[in-house]
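See the structures that follow.
Consider the two complexes below, in which chain A is the common component and chain B and chain C are the respective partners.
And now, the complex of A and B:
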């Protein structure tokens, strides 16, 4: 076993990400089960059953960030997937197609050979949850049918009225029971309830450390740049039910606290303005978006997106777990969504907001106008939006992005001057 | 005019003029209308309250005001619904029932720009579980409660069960109609077929049933003539505007069956029997299959459509793809592959309610008809 004690958080992040992929490949070799999972589907059940997990959204983001998306998007295109559908789904369905071809012919397709992302094994079953979108239902239906494998569904109904009613939690908790039955069948063994409780507890410890990191961006100046959270997110997605996430996040939070004590901040030089980023990162252009803001003296200290994985609940209590997985802000009414984002903005002591109009993600785009309008009336902060896409590089224009954030920068400056002149 | 022509022309004029239908209803009953957004809302609850459920399906329209509230990649139907909200088209509705089975509708349910109160409810998607029925019955109980408050009426179980029977009768008659229409394409052309079905959205259902019933029996009395054109099944959300249907007709196509969310999907299943009406309505959703909005990890839609093609002796399927509709777009690659494997021909046309130029559709339909 590798000694990880001396590793920095950044090293741990890389190490465990690779480790997770290696575990899945190894499991496949040994004839053990592999599951592909939606990013915020409950991981506790499968981990309690020792199933190796792969998270297609994270994998697709990796392909995007390594500039390998176009090749696999083309495969999805040929299969008839419309370019208007979510690019995570298209990247993954294209990639799955290549894996399937390989499995059927024994020959590795060139595009797969060339793909810059980690190799992943095909799943034996999939698990999905619509707490971030119904697209994940459609996408996973297709995986299940194309590969002729079981699909576990955790349906968390859109919370049009808050607070979340008990009957919704009951429905979700009933599905947890059903998922357990399905898993017992798929795995051919009894569900281990003792281990499940331990996995729940582990998940809570990981989430607690994750929240510890996120809270650090409230310091002014901030020891944390929100873009780092985009990177570390890979582990809250893929390893929150293992100690990998806890160990890495604890290390990172410790490092950041130490920096804070020493007066070392995320922004080298002087952070001038702080922004909230609403939406997913633009993975293929992460560097451009990061630098664009940095060059203007801006740091990102607010993002509601990492909060999707703030699944805190009481271990052993299925109803509480159900609530944690359904209360995600984009699965709730506009009022609540605005409230959550408002807290993110004030928590990060932000001066402005950037909205990502994501061509891939209808759910995270179609309420931006209303959200921005309500929030601006409430907090008076300027905002801009730009057109992008989390993995299809063609749907982002660097020039438009630059113009928009310059405009935001101007408005933030004026706002600040206005305040200091009063 | 023959009786058949009269009935068709009456139904067509209703389907073209929902506003007049609402006004007539008000004159007759003194009661108003409640809007019903797509898809699969329990209209029966509105009917049981004595109000007129009115389907909201947008319309052919150029989009201008809606641009401020929706990016260009929102589906065409919701662009037009948004435009009409902003124009105040729906403001005479007493309330609007708003299901949210896709990501677009979840968002749209939170940004109604008209003045009517909106009642949102969520369909469960893990549909085959008993817990899903319980959840949905509870959602429907709240829908009923909210309607009672807004409309100031009491909606009894008895009235509701009665309305379910009225609707089931309509569904049965509609199934009979679509079967008959397949035999009389010379009389029931694609546009007329659509208008007869669409009129359901703007009429008290027993009235619609009575007219279609009469139409059915008139049709049955006629001899079946040989049809020399091609027979197709339509699939998708809807096949509008009328220009699209006229293009099909002009190229000698008859619609012999459909799998459209606006048409047969609504009446291919009855609401099952039982005593608790809300539970019965919930159970309808559980038994319903073959729609992009009703999650199904087995994806029975393709096989269902293939049965439909066989049963109606169709020559091909016409895919009416609503522009920017991701649920439908996700189903397409799967059933397309299944069609290819089974040797079923299909034509893909885009449904865009904003367009006024149909040249592309014309060319595609033309060359497809030559290929068949």
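And now, the complex of A and C:
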């Protein structure tokens, strides 16, 4: 076993990401079950049953960040998936197609061979949850049909009003029970409730450390560069029910706190303005978006996206767990979305907001116009929006992005200097 | 003191030389933009017209799509802030700017001091831009400069409903083959451009005075269509292509003056 005690948080992040993929590949070799899971589907059930997990959204983001998305997007195009479909879905369905071809013919397709992404095994079953979007239903149904494998669906109704009614929590808790029954059948063994409780407790420890990191961006200047959350997010998605996430996040939070005490900040002495980034990262252009802001002295200290995995609940209480998995801000009404984002903006002491009009994520983007309008009336902060996509590099224009963030920078400057009186 | 503003767009290059932040002593335009010989040529032309040398400039600020590639510039400022600055200088009563260039459509709302209160731009799409008009002018075999005249003679504007430039082009082709008069098609094309720009303007909040700038402001057919859509008069900025360059030159002047205080 590798000794991880001396590793930095960054090294731990890389190590555990690879470890998770290796565990899945090893499980497949040994004939154990592998599950592909939606990113905010409860991970606790499968981990309690010792199923190796792969998270296609994280895998797709990795392909995007490593500039390998176009190849697999083309495969999805050839299969007839419309370009208006979520690019995480298209990347994953394209990648699955390549894996399937390899499994059927014994020949590794060139695009799979060349792919910069970590190799993942095909799943034995999939689990999905519509608490972050409904595309995940059809996407996972397609995976299940294409591969002729079981699909566990956890249905989580949209919260048109807040607070979340008890009947919704009861319904979701019933969905959990149904998922457990399906899982028992797929795994051929009884569900281990004692282990499940331990996994729930582990999940809460991981989430607590995750929230500890996010809270550090409230310091001014900030020791945390918000874009780092996008990178560390891989483990809150893929390993929150294991200690990998807790260990890595604790290390990172400790490092950041140490830096804070020593007066070492993310942008050294160059933090001039602070922005909130609303939406998913533009993975294929992550460097460009980050550097563009950094060159203007703009640090991202607010983002509601990492908060999607703030699944805090009371272990042993299914109703509490149900609430955690349904209150995700993009599964709630406009009023609540505005409230969540408003807290993010004030928590990060931000001077402006950047809205990612993400062609892939309609759920996150369609409310942006309304949200921005309401929030600006409330806080008077300037904002811009730009066209982009989480993994399809063709939907982003670097020059258009640059113009918008430069104009935002100038508006924030104008606001701070009190030039504007309105 | 002389300052210079250079605005390198996607389809034209503009330079303004300003004396003491008040007198425009050169305002030149060349109808080719970034990546071409346009930027150098327009710079040479402006200096020659003013009888000045680059060294005479106290400060040079670049703006526009190609702003980062202007080696002569001391600083870059976005075209949003520069348009606001330039238009407000020319029309101090301006509250809303509609700027249509080669590949961008912008609506910029000003505060009472001429600062940018809010702005909205087109998404990653050529609909409603100067490029859209370029494509239509080619299909219609009517020079861009003559489009306004055709528009004025229209009796019943045709409907150009497609948002996508390529689909709108085929829509226009089909109307031509159906014998629809060019005048009416051109009025429809202008309506289509206006509808995109006004969508952004409505989001900003429409308040007079409304000023139009950018290369497309020279097409009075578009100005007419925007005015009709907004049901308000639209002022065309004097020499509407150079307003962003002018704004950059004013920023340059203010920065030098601020530094000397």
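Rule of thumb we're sticking to: the second predicted complex is superposed on the first by the 418 of 422 C-alpha atoms of A that agree within 3 Å, B and C clash if a C-alpha of one lies under 4 Å from a C-alpha of the other, contacts with A are read in each partner's own complex, and residues count from 1 in each chain.
Following the convention adopted for this analysis, contacts are C-beta pairs under 8 Å (C-beta built on N, C-alpha and C of every residue); 3 or more make two chains touch, one makes a residue touch a chain.
Quantities reported herein were computed from a predicted structural model and do not represent experimental measurements.
S.K.: Just from the overlay, do chain B and chain C fit on chain A, or is there a clash?
M.R.: They fit side by side.
S.K.: Is A:357 touching the first partner chain B, the second partner chain C, both, or neither of them?
M.R.: both
S.K.: From the overlay on chain A, compute the angle at chain A's CA centre subtended by chain B and chain C, rounding to the nearest 10 degrees.
M.R.: Placing chain A at the corner, the angle measures out to 70 degrees.
S.K.: Does chain C touch more residues of chain A than chain B does, or is it the other way round?
M.R.: The partner making contact with more of chain A's residues is B.
S.K.: First (chain B), second (chain C), both or neither: which does A:397 touch?
M.R.: It touches chain C, and chain B stays clear.
S.K.: Now for A:382: first (chain B), second (chain C), both, or neither, which partner does it touch?
M.R.: Second partner only, chain C.
S.K.: Quick one: is A:414 in contact with chain B, with chain C, with both, or with neither? Answer first, second, both or neither.
M.R.: Once the two structures are laid over each other on A, A:414 reaches chain C alone.
S.K.: Using the superposition on chain A described above, determine whether A:145 touches chain B (first), chain C (second), both, or neither.
M.R.: first
S.K.: Looking at A:406, would you say it contacts chain B, chain C, both, or neither? Reply first, second, both or neither.
M.R.: A:406 sits against chain C, while chain B stays out of touch.
S.K.: Pick one for A:34: touches chain B only (first), chain C only (second), both, or neither.
M.R.: A:34 sits against neither chain B nor chain C.
S.K.: Based on the superposed arrangement, let me know which partner A:63 touches: chain B (first), chain C (second), both, or neither?
M.R.: A:63 contacts neither chain B nor chain C.
S.K.: What is the contact status of A:134 with respect to chain B (first) and chain C (second): first, second, both, or neither?
M.R.: After superposition on chain A, A:134 lies in contact with chain B alone.
S.K.: Look across chain B and chain C in the superposition and give the shortest C-alpha distance you find, in Å.
M.R.: Between chain B and chain C, the minimum C-alpha distance equals 5 Å.
S.K.: For chain A, what residues appear in both contact lists, the one with chain B and the one with chain C?
M.R.: 357, 369, 387
S.K.: Can you name the residues of chain B that touch chain A in the complex?
M.R.: Answer in residue numbers: 68-71, 73-74, 100-104, 106-111, 120-126, 129-132, 134-135, 138-139, 292, 295-299, 321, 324, 326-327, 329-334, 336-337.
S.K.: Can you tell me which positions in chain C touch chain A when the two form their complex?
M.R.: Interface residues on chain C, with respect to chain A: 65, 68, 76-81, 104, 111-113, 115-119, 121, 123-124, 203.
S.K.: Which bits of chain A are touching chain C when the two form their complex?
M.R.: 357, 369, 376, 382, 384, 387, 395-397, 399-400, 402-404, 406-407, 410-411, 414, 419-422
S.K.: Mind listing the chain A positions that touch chain B in their complex?
M.R.: Answer in residue numbers: 79-82, 84-86, 89, 130, 133-135, 137-142, 144-146, 150-151, 153-155, 157-158, 160-161, 165, 167-168, 170-171, 174-175, 178, 333-334, 337, 357, 359, 362-363, 365-367, 369-370, 387.
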